[in-house]
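Right after this note come the structures.
Each of the next two complexes has chain A plus one other chain: chain B in the first, chain C in the second.
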Partner chain A sequence: MADTITINVDGKDVQVPPRTQLIEALRGPANTETPAFCYHQDLKVAGNCRICLVETEGPRGWALGISCHLQTAPGLKVRTQVSSDKIVKLRKGVMEFLLVNHPLDCPICDKAGECTLQEHYMGQGKHESRLDDAVGKQYKGGADHRFLDSKGIERGGKKIDLGPSIVLDQERCIICTRCVRFMSDVAKSPQLDIAGRGDHAYLTTFPDEPLNHEYDLNTADICPVGALTGKHFRFQQRVWMLKSVESIDPSDSLGANLTIDYNNSGSEGGKVWRLMPRRNPDVNKSWIANRTRLLYQNLAVNRLTDGKKAGGDCTIEDATIAAVAALKGAKRVAIVASGHLTTEDNAAVLALAEALGGKAEVFGGSWLTVGKADGIALSGDPVANRKGVELLGIKDNLDELVAKAKDFDVLLVAGNDLWSASAEKAAKLEVIPTRIALSAWVDATVAKATIAIGIRAWAEVRGSMVNCNGRVQLLQACPVVPNSQLEAAWSVLTALSKAAAKPLTWASEVDAWKSAQARGSAFAGMTYRSIGPMGQQVALSTTTVQPVAAGV
Partner chain B sequence: MTTLHGFPQPTHWKGKELPRILSGLFQVENGHTLAVAKQHGVYGTIGPMLFDKSQLELIELVKDSGLRGRGGAGFPTGMKWSFVPRGTGKPVYLVINADEGEPGTFKDRLCMTRDPHLLIEGMIITGYALGVRTAYIYVRGEMLPQITRLNDAIKEAYDAGLLGENIGGSQYSLDIYVHRGAGAYICGEETGLINSLEGFKGQPRLKPPFPAVSGAFASPTVVNNVETIMAVPYILKHGAKGYRAFGTDKSPGSKLFSISGDIVKPGVYEVPLGMSYMEFFELCGGLKGELLGCIPGGSSAPVLSADETRKATLDYESLASLKSMLGSGAITPFNTTTDVPKFLQTIARFYAHESCGQCTPCREGTGYVDRVLDKVVDGQGRDGDIDLIKDLADSYEWTTICAFAPGAAWPVQSFIAKYREHFQRYIDKNPDHAAARDLVTQRPGAFW
Partner chain C sequence: MAKIVPRPNLSFWEQVYFVEIFKGLATTMGHAIRNLTGQTKFPTVSYPEVQYDLPRDYRARHRLMKRPDGSPRCVACFMCSTACPARCINIVAEEAPDKHIEKRPVRFEIDLLLCVFCGYCVEACPCDAIRMDTKLAVMAGDNRADFVVNKESLMEWKPTDYPADDTQSQKAPGGSLHAQALDEFKSGTYH
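So, the complex of A and B:
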């Protein structure tokens, strides 16, 4: 406890970290609920909503201050709503002001259920107002809910199209400037600002300029009310109908943490409705790219839900039997691992090759272009588990495979869409007569395969990936699957090991993980529990990758 | 220039000579030109008198003089200067606050019109004392003639070697820029001013850090009012004791007062601090009608009733004891014919219009109070409205980043406390005054 100091909250001494925002100390160690609208852990402090007011003792007696701006210091004495009636009264006052010009249209608001304003409003039990909305902001009450600014110009509106992804409901906005700060300080593209003064201030983009940033959907997440909503989730689901599982971005090697929000009841028989960023201060802070966020839309589209053999569709079982037969009769088998699959799946690739004995050889790598890190939530490398594959000892040697393709008579590609990444290079693999593809989608590689077996997509499996900074992170399985017959890649590979003298007998992904641990010394001692939702760093000596900065 | 009201003001009052520390050139023809200003002793300090002194000596001198900020808050000037950290490696900026916007205040405007060179002289002295290389004068956007005049004066000073490199042959160099604001009251708040100066929206900053440590361009910055800086040359010439010859012990020196309202000769007057309000009214030709009350220091200052006004004197301590403030020195006496609710409505509308919109309580509260007052004055007031606006003013009084909200709350609180029956009379005019308002909870869609 060397790194803590003692402050006094409501008469009780509490150990807190020094020089941190008081609000964090109150919410954390002091266990005192403190509301906030403008304060956000990963944004600069603005201090404008004023709801987090506390009293602190200073040289001139007790003074009011905002806990988001005050810093913890030894001996600091704080009074919160617990011991100060003044704070209770003033916070009620602030809440009243926030609600004067807020429509309280929760029943038609997408944010209802996860709205900060609604939470504190209900929390205070302030179900009646003494303020008259006829004396409010002069809303005209028309269908578009516009108001007159101080120059008499019509502003606002209920549905303002800000750009390709965001819609603004002006009358719900409480001018907390979270979105403005996000765009200027995190996205570094100040596309939003508050125009006007006083209670006629309003959020806007620059004249004739849209809000069109790769990260702009994060503004809808951090909006403490329903003013900014993402077009992809507008009027889709009530948030309290959704369940969540924790996962990571499978499309980028930073592995931004996220949750998969789904429901598995309803007329459509279950659906993933959205992906939300999950805060991890060491990886992606609170942000994910729009590209990542919209990945869920592919989960139900163009899926390989069955098998394929000799150009025609078949059941997964038939395709598996055909693949086992091909592997059994093969003289030389090339197995291609994949950085798009989990470490467990890749351990199964190695285990299968081992079981098949000397006739199998494992290749790895990807022909996809690696871009640049953006400093927020993308590393630029589309191969999410490149590091995990590397730590298992699989080499980046696809070109070697191309060079000696004619030596093989069976090619097994596990979740690595070679033909999409480089049709030109992959074409040289077509000299191999039997090509088996394991894939979640009907992709170019499936089109070129003689046998194809559908597998579960990233959202539907439990497993781990290692991000570009050497952090092992977990994916949890969302139960919404297009076909219940689908299995994870490691499970299909286990089934294919029936072609060997000693087939694999793995029962779950935990067995696959144990196999991965046996092959990669970096994973020694790690369990799913120790990795946890926030991930676990592999020993630095085993990583050679340059760290990619996350967030700001 | 046309003759301004209040001039010529008497040189003597009741046998005593009135100070001419700040207004010496106000009545001199072409006093704004360098030639005339020099004839009258402006820039007399720029030479050995200034450059033989050390920076610390100058700061001590101003501390000893007891000069206090004339912009409104009355913070001791020497103390403000002493907060500037030395040897940070960063430049120190001096910013002159000429964003005079407090309703009823028009003294700085006159200073810049009639005597811009005294301001420049004060800036050279202050700049030298603080080690400033670059100084700004932030002028309210509406004051175009004053900006022209300042620019002309600065050009004259540069041509005469009084600004720029090696002022008056010394080692000291200073550049002055005039920055034109866009006419927002809140840009008179020092951190709002700094934001605006830097090109950002004029919204006050969170403190700490204070401007003396990290102000304009993240460097130590001193923001002083025009009138404050114009008093500095006199202090240098005559010493702290010379300055203390005027005024009271705790509020030494003289101050410019802008008086308007129910007074015979409104205008700008320079009088020693400590004079009583009633005597000052006499000096200004006397009151019109029977005194009902007085705003003693700009519209933010809590109003004084007639009895309180009779007791009050023109200094910081007297008004503090009456729970009001000297503020910017804008005095507005009003007589018994005044429609008090309409008076407050005008003030409330000003604050609702000028709230920067940053903090919730001030943004929403000032607007709401304004509109309830509109209803009351329109004859649609209801019982409870008076308590409501008083309560709302209490809610936003101390809950914001800057001192705008208390400044907006005090007139509301004090007018209601002292003239409640005037408001009640308006409410009683409404035949439905006892009926409840349609509240938010009764709106369709809000069923919580």
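So, the complex of A and C:
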């Protein structure tokens, strides 16, 4: 929407979009910091924390209202903490009530450092508690900090196991209901609810029911305090010690946007500690699936960090030399591209085939089964870059390869685990005497290969993938690599082109991207800068778009 | 802006220069004679047979304080390693079986070769779990790994080596206040 309206914030006229939440207008165009605990951009408005309140002028003079619920309208006049001492005082009061039952265990709370409550407390709180133990939830003391509900039943606890992935600390919860709204409105599986009333309210699952949903770890992200924590990251690292790079989900063709949080200090060297969703309103909103989130756990496990030839392990260099020799001596070469690799890598596959001349043929596709889109952050297609491979002009013709496998004497598989996808179909490829596999992991294809070369995994390369809706998105390289000798697939393929009369001379992924642009007209004019962290849509005429809806 | 330094107003005898030199020499020789004839105490000691008693606040090698049951007071909050300008503290945390504590260190290592002995870790600790009052000013080792001290060696200290008014040390096993502190610890009233 291009048209804007004028509202007045603290005596200044500001251009804002019409009929949006006032809090968005304040935080965005009006550039006024507004705290909020219960408000979340991608959830329905609940308006229960009251910390975002502002003064607006109405027919009966200045009145208080919560900016997350008010909508912008022409001529709206707003006073915030900048011009109104009343707002400052009231927010302080709201904060005091929020902190009545909140413990001061920030030093051992995993949320510390990214906690909204901590942030705003430091910003505006800093007051002494005026409440004594007789008020509040009437904690019974002891290690569990259990309290009595309105019927006198003991509730709560510091460590409540809600299900397979989430732990609840009842004492830290400020009843903002973000998690409740997420489970009911986005996940469409209302497994959480607030029980009790007023001061005795508490967050709980239904009796004897666990919290187990493919998206339940998102509740830990949106929790403004440390009440909900993910078991996979609990007590692992303090968040301020992590650095992050922006990437996307490599296991699904929606390509949910995420950040890779890692650090490269400490005795263990570098490590990727977690993946966090990155907000992209056009792709995955603020959500990623648990399956995606736990992908980081494979990054250091079962990796192919060296090469393999003639049954034994060897260095990457030796494996590359062996592969070049095999390609040089080959009469017919079949090269299999992969939707699990970046567009750059697949451009390198095409360039290598071109360099090898008439003896090479490129095949593409996957035997993995395609599931259904869940409408939140998964499209169900495990081949993340299927569209990118298609836009490069590589056909989905693996079965054709199987049919004429006898014609070839060298098979080069670039990051496409054919034997895991369908061992039965792939077994027919074993008639090809020399099988070269490029893979980041020691997978079934590597086991069947005569020569294998380790490559970098998705988190360690810079490149692009095209999601199922035709959106080109970037992966950035996290510097944590199991073996610094490892190279991206395009780089290994460039090295393999020494087998050709005219080898490729690519220096970086930018050269690979330029090659991809030359092969796929849809990428014309796109640069890494223009794609940016949020992605860029390819022209609709060049692709058949089957939109996959993102969450609520 | 330039600072103007006024020239000192020297008297005639000071301007002559030689008189002042002999005055200075007299002072030096006076000290030498007094020291050699034993009229004053030498400021040096025959180290290492004789050692200075370091002041209480001297920042020496670290130690980890103990609870009455002998476990470290540390809750693995990483405040020390966050405050550390030399990044020499490496902690690996885990869930503690004791619900009062919640979190505890599995590993707590300090690389003494990286450490600059600034004492920020002691300042940052919210639990009085790390101190630098061991008076161990000299550390020796054959290789770099010897200077990475782990949790166990940081907890190797005896309460008897610390003054009686250091209550936190005396509550550790072997200290004068240990029995009472252990009772409190078991009953859940210990802090």
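We adopt the following convention: the second predicted complex is superposed on the first by the 543 of 552 C-alpha atoms of A that agree within 3 Å, B and C clash if a C-alpha of one lies under 4 Å from a C-alpha of the other, contacts with A are read in each partner's own complex, and residues count from 1 in each chain.
One rule holds in what follows: a contact is a pair of C-beta atoms (placed from the backbone, for glycine too) under 8 Å apart; a residue touches a chain by one contact, two chains touch by 3 or more.
Please read these numbers as outputs of a predicted model, since none were measured by experiment.
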Partner chain(s) touched by A:48 [first = chain B, second = chain C, both, neither]: first
Which of chain B and chain C A:90 touches, first, second, both or neither: first
Partner chain in contact with A:529 - chain B first, chain C second, else both or neither: neither
Partner chain(s) touched by A:159 [first = chain B, second = chain C, both, neither]: second
Per-residue contact with chain A, leading partner among chain C and chain B: B
Partner chain(s) touched by A:130 [first = chain B, second = chain C, both, neither]: first
Which of chain B and chain C A:99 touches, first, second, both or neither: first
Contacts of A:235 with chain B and chain C, given as first, second, both or neither: second
First, second, both or neither for A:108, with chain B first and chain C second: both
Common ground on chain A, meaning residues reached by chain C in one complex and by chain B in the other: 105, 107-108
Of all residues in chain A, those that touch chain B in their complex: 45-51, 53, 64, 69, 89-90, 93-94, 96-101, 103-108, 121-122, 127-137, 150, 174-175, 193-194, 196-201
Chain C - residues contacting chain A, complex: 75-79, 81-82, 87, 90, 93-95, 98-100, 102-103, 107, 109, 126-127, 188
In the complex, chain B residues that touch chain A: 184, 186, 201, 206, 352-361, 363-368, 371-372, 375, 384, 388, 392, 394-396, 398-401, 437-441, 443, 445-448
Chain C-touching residues of chain A, taken from the complex the two chains share: 105, 107-108, 142-144, 158-159, 234-236, 238, 240-241, 265-267
